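Each chain carries a letter (A, B, C and D) given by its place in the written order, and its residues are counted from 1.
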Amino acid sequence: MAVLRWGLIGGGEGSQVGPAHRMAARLDGLFRFCGGALDVEPNKGIRFARSLGADDDRCYGDWREMLDRERDRPDKLDLVTVATPNATHYEIASAFLAAGFNVLCEKPMTMRLQEARDIVRLVEKTGLVFAVNYGYTGYPLVRHMRAMVGRGDLGRIRLIKAEFAHGFHADAADSDNPRLRWRYDRNLAGASAVFADAGIHAFHMACFVSGQSATEVSADFVSIVSGRELEDDAMLNFRMDEGAIVRLWTSAIAVGRMHGLTLQVFGEKGGLRWAQEQPNQLYWTPLNGRTEIIERGAAGLSPEADRASRVTVGHAEGMPLAFANIYHDLADAIVARQSGPRFDPFDCNYPTARDGFRSIAAIEAAVRSAADKGAPFPIDPS
Amino acid sequence: MAVLRWGLIGGGEGSQVGPAHRMAARLDGLFRFCGGALDVEPNKGIRFARSLGADDDRCYGDWREMLDRERDRPDKLDLVTVATPNATHYEIASAFLAAGFNVLCEKPMTMRLQEARDIVRLVEKTGLVFAVNYGYTGYPLVRHMRAMVGRGDLGRIRLIKAEFAHGFHADAADSDNPRLRWRYDRNLAGASAVFADAGIHAFHMACFVSGQSATEVSADFVSIVSGRELEDDAMLNFRMDEGAIVRLWTSAIAVGRMHGLTLQVFGEKGGLRWAQEQPNQLYWTPLNGRTEIIERGAAGLSPEADRASRVTVGHAEGMPLAFANIYHDLADAIVARQSGPRFDPFDCNYPTARDGFRSIAAIEAAVRSAADKGAPFPIDPS
Amino acid sequence: MAVLRWGLIGGGEGSQVGPAHRMAARLDGLFRFCGGALDVEPNKGIRFARSLGADDDRCYGDWREMLDRERDRPDKLDLVTVATPNATHYEIASAFLAAGFNVLCEKPMTMRLQEARDIVRLVEKTGLVFAVNYGYTGYPLVRHMRAMVGRGDLGRIRLIKAEFAHGFHADAADSDNPRLRWRYDRNLAGASAVFADAGIHAFHMACFVSGQSATEVSADFVSIVSGRELEDDAMLNFRMDEGAIVRLWTSAIAVGRMHGLTLQVFGEKGGLRWAQEQPNQLYWTPLNGRTEIIERGAAGLSPEADRASRVTVGHAEGMPLAFANIYHDLADAIVARQSGPRFDPFDCNYPTARDGFRSIAAIEAAVRSAADKGAPFPIDPS
Amino acid sequence: MAVLRWGLIGGGEGSQVGPAHRMAARLDGLFRFCGGALDVEPNKGIRFARSLGADDDRCYGDWREMLDRERDRPDKLDLVTVATPNATHYEIASAFLAAGFNVLCEKPMTMRLQEARDIVRLVEKTGLVFAVNYGYTGYPLVRHMRAMVGRGDLGRIRLIKAEFAHGFHADAADSDNPRLRWRYDRNLAGASAVFADAGIHAFHMACFVSGQSATEVSADFVSIVSGRELEDDAMLNFRMDEGAIVRLWTSAIAVGRMHGLTLQVFGEKGGLRWAQEQPNQLYWTPLNGRTEIIERGAAGLSPEADRASRVTVGHAEGMPLAFANIYHDLADAIVARQSGPRFDPFDCNYPTARDGFRSIAAIEAAVRSAADKGAPFPIDPS
């Protein structure tokens, strides 16, 4: 497979997500970092891109310049990653899609539902490869859970218990810290804080594993640290289109919890438990049977899990490799799309534009439910 | 301390809770089993009481006979435990209270809120020792959590995450099993199944540890296994009188979860995590600090925890010893009451009649909220 | 079953092991504490026995007085527990055996091998019930391991990895503390410290679970805290009579380890792992299969495990209940012996005089091996 | 930093270690894979190198050809990784060193001690960068343990308990499998099997963390599965030059253990525990204090740990990233060496030639001790 050309927007010096994207893109040697527009300050971005080994003629001062100059190159970028501040995702991603680029967009895909719908339509129209970065579904054992559910090991899925709870925004003395403050300000962060930022990963994972979509939500949002407009702790109950219930807790004030992304899936024929902090073990209990520990890399796993594994059993794999699986899948999708008309941009291992839309729809409905004392609110299906 | 005289109602042959009470009463040598009415079938009960070493003249065919014959004895029973089917708790407990006996009543204390109020008034009037058996609060490290909260280690309590989730009612093929069936039948079990039966322990523990009372609840009840009238899975959000929020999940269909009683307490200054299945470790994270493992029996614990511990650090203690702590506390209370007027029957280590009332009130409010799509419902405070 | 009469020697006020014996004897209601000689100071012992509810005429100033007065009573004690300082075990236990009493002796059974041989012969001669208190084998899941090995689930046993490592003697500044000091003094403690005190439990458990006896040992003893004559850390390799190897580490300086009694058993057809600090779960991996978690109290366990369990699955059981299983087995043995000639005092669930002998033999051989740079040393078989 | 030129010998299609090296070299973008000799079959190796994107003129049929053609290129390879079968390491590594290349050599560095001594001298003479791939010391929390020991947090180190126990060679029915068979054949694998292959990682880690060297060893080797010449289970006791004791268990027949590389370090002032399978948590118990959980990525860690971390706290990192830290350190060393004379090839974060030598010396001494019934044997110090 030829090495694909990859460009990055955002993710400049000091960014947390930038290095993760660069590691993930690089890990399997499928992408070459060609260049991009890495910083709001043009000179800083150009300098940083150069220091990372970008091609001289592909270090840009801003994304518009990048778009102008890249759109007609014969050696077009195969993938553009958008890792800029949230409010700019829609404008940049849709511009690059419209110009014919495959895009990996950081979450949230957009700030508003109508914009998310636009992205879906652009992808439908162009047939381009497009992903939203709910990267935790790249873990091999998350893929294995989905495979087990898909092949019926659990029977009908009854209930999913999902969590994403951390304690890193718990310090009231730190709440004026600008790094934190904007997250709880409605004007800067949008309609939701901890659910849109953290809990949404758990939501997407519940959908990904169950293969179901949410139709209704009841939400209890609270702003625990004083001075915050938006929620820093939330409990949500979802109804899914094939009957499952998803109960989701997310928190930023849970002192002692580090990352706290966990999933428990309960079906007619068994239950599964998985935690992102110990991602190489999956606990499976068949109905009336004993709990078994499924090890990543062990013999007898699903092809989906095997394909997403890189080292032998007993060796820990972590988040950067999960993330790299998204890039690996994107590489496969880019090649598949190039090789024929049968590529479906919404039927992929990675989170698609439709998943991005559904997440935004879930956030909007949850915000309304929370504002109405938790009354159930329907979730826009399309 | 003289050995106290103890009688038992219910808990006959084959009962699960009977042996637990007998072990707990016996463990510290503070109570002697004198007799009781152990079975609905008089002869069986009498025979069984004898086989357990009861005094010949104190083996009764039913509780009314027992009450008649015991009430005027000079060597009156110091404590009567009521471990009969739920629907009979009120009648028996109130009759023995009215006759001047100290009572330990299995939960639920009553089936209706008005009855619970009656019990509280009887205890107020008589000043007798009365406990409801939420026995899990007898664990040393649960006592330690309460002590830490009480002395301010966590600052103001913000949020409690409580769970009691098991999977032993998950098998649809087993749902006609008479042992299970009655639990989900409104006529036999009352207005709530899994919350009233299992989740209520987590609710009481949240109140016990936080020292707060619930004022409002929003509940989502679902009957997952078909044919069940009552809920087998529930999510509840409580507001507490001093501002804490309690999020409580309880389930009987969570295949792979064994007992699943856990508590996480988050305050301004730190967080705590504890699980009934590994009760000898408590995880404490001070704000901005490292998680510490607090071992039962280690040096430096609270007097409340030390007092409830029996063996040295590193040795597991389990549920029967937690339970025995309730009996130990009752013995102390009985002695305290005998020795002076300063005994307050509502200010005790063990769960009091007021705790029993609050639990019933919480169940009633939760049932109403669940019936009204989760709209918040106030909880009767008194 | 009639309640058995039980007497105690040692275990006075402030003793650690005394309360454990009293709880264990009391828990199932099979024994009644009648009296004993509880303290080296006669008056203290008499007072304490009374405070515990002993019969007035059975509170003794010392064990010789007790023996004199008890030996000819018609209502003879059914069981005498010896919980005095180590150096006195032999004299007391053999005297009571010789006078026809059933005995539970704290470990070590004796200080010298010849004395241990005497005890075995006394038991052979009298056919009395005699146990040494390696109480950790009373845990239900330890019994289950033995049952699994016995019925061949693991095939031939290849290797056992046993540990008993704690860190409570690690503080050099505390080493003059009289509570610690005697333990490392050859004149007071005998030839071995941490192996004889702690590691020996792991040794006995390895024998109990495998059903094999040790024939040879190679030992590396070290005295890590300066000023200690005897070892505070040791590594031992045993050869067993049916081919298994036991590797045993024991330590008193392993800071952070609390109790650290663990067993791993590896056979041709699978492996087992168990830890005393989390005694309600056993990890079982069939060869080429997945690890399964066996829960105490779950369906499908061996009769040996079921019999030793008291509460339902998911509820923690701890050390005092394991200990109580030894008492329960003793009660059964006492009744079996009374009811006929088929009782074999060396074929029991509890650790017998022969187990006591083998432990002393292992200690003696280990001490010699350690003194000879770890050269393998045979263990006296009889 | 300019991207360094990297070549690979061995690690062809189907190799396990090859992909790990490629991921590790690529992850931080510090090395570019230029080419190499990847397979014993020349054409296969050339084809595979091309498929991985090697430069056309740097795909070689064998390592001699590679050496001939690379030695005089102006754009010399900055690092050559040797990942060929064990018996060839010495010849290839020494040839490349002699020709002036920096080398990363898979373990074991050599098959004989004299060869290892040669490598050390070559490195002394040339001052080149040379590492042996004990890659597990690349884990951030292993670096943190070393830092804690180095700065005195534990006081004098008393004892290290090290393990590397797996169960993947336990199946007697599989022992004729050629993939396994050579490992236990003295002619093919050398003098030791499981210790040289697995346990040696634990040995190096103990040295790395303690900063001490082994001076003496006593070993118990057993061949458990019949038909094996070499040991598949071993217990070793080491004496270290600054007084620590290392007790090391390694096994290939421990069914249920997956990787089982763990380290426990006990000093005068505290103890540490770490396990490769859960590498993002380190357990630290200060003397007389509570166990604390140190999280990779948390605030307040040592610079050594911070430098080796790539993603934020709570996100799992795994073995490929640990491995990449070795490559990162090598890149730094290569640059340091180029920039001045102060580079010391034996004072590095990664395992040096001297570490390689010491491991071979430890294996040789252990084999002799095991052959002499565990009599202590000195380890060649230089």
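By definition in this document, a residue touches a chain if its C-beta (ideal position, glycine included) is under 8 Å from a C-beta of that chain, and two chains touch if they have at least 3 such contacts.
Owing to the predicted nature of the structure, the values given are computational and were not obtained by experimental measurement.
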| query | Pick the pair with more C-beta contacts: B-D or A-B? | reply | A-B
| If you take the mean of the Cα atoms for each chain, which one ends up farthest from chain D? | B
| message | Need the CA-centroid distance for the pair chain B / chain C, whole Å please. | response | 35
| query | Cα centroid separation between chain B and chain D, in whole Å? | reply | 55
| query | Approximately how many whole Å separate the CA-defined centres of chain A and chain B? | reply | 43
| said: Can you pull out the residues of chain D that are in contact with at least two other chains? | reply: 288, 291, 295
| message | Touching residues of chain C toward chain A in the complex: what are they? | response | 288, 290-295, 298-299
| query | Which residues, counting only chain C, touch chain D once they are in their complex? | reply | 158-159, 161, 165, 167, 170-172, 218, 220, 222, 224, 233, 235, 237, 245, 247, 249, 251, 253-257, 264, 266-268, 270-273, 283-288, 291, 373-376
| Residues on chain D engaged by chain A in the complex (per definition of touch) | 3, 16, 19-20, 22-23, 26-29, 33, 52-53, 166, 258-260, 276-280, 295, 310-321
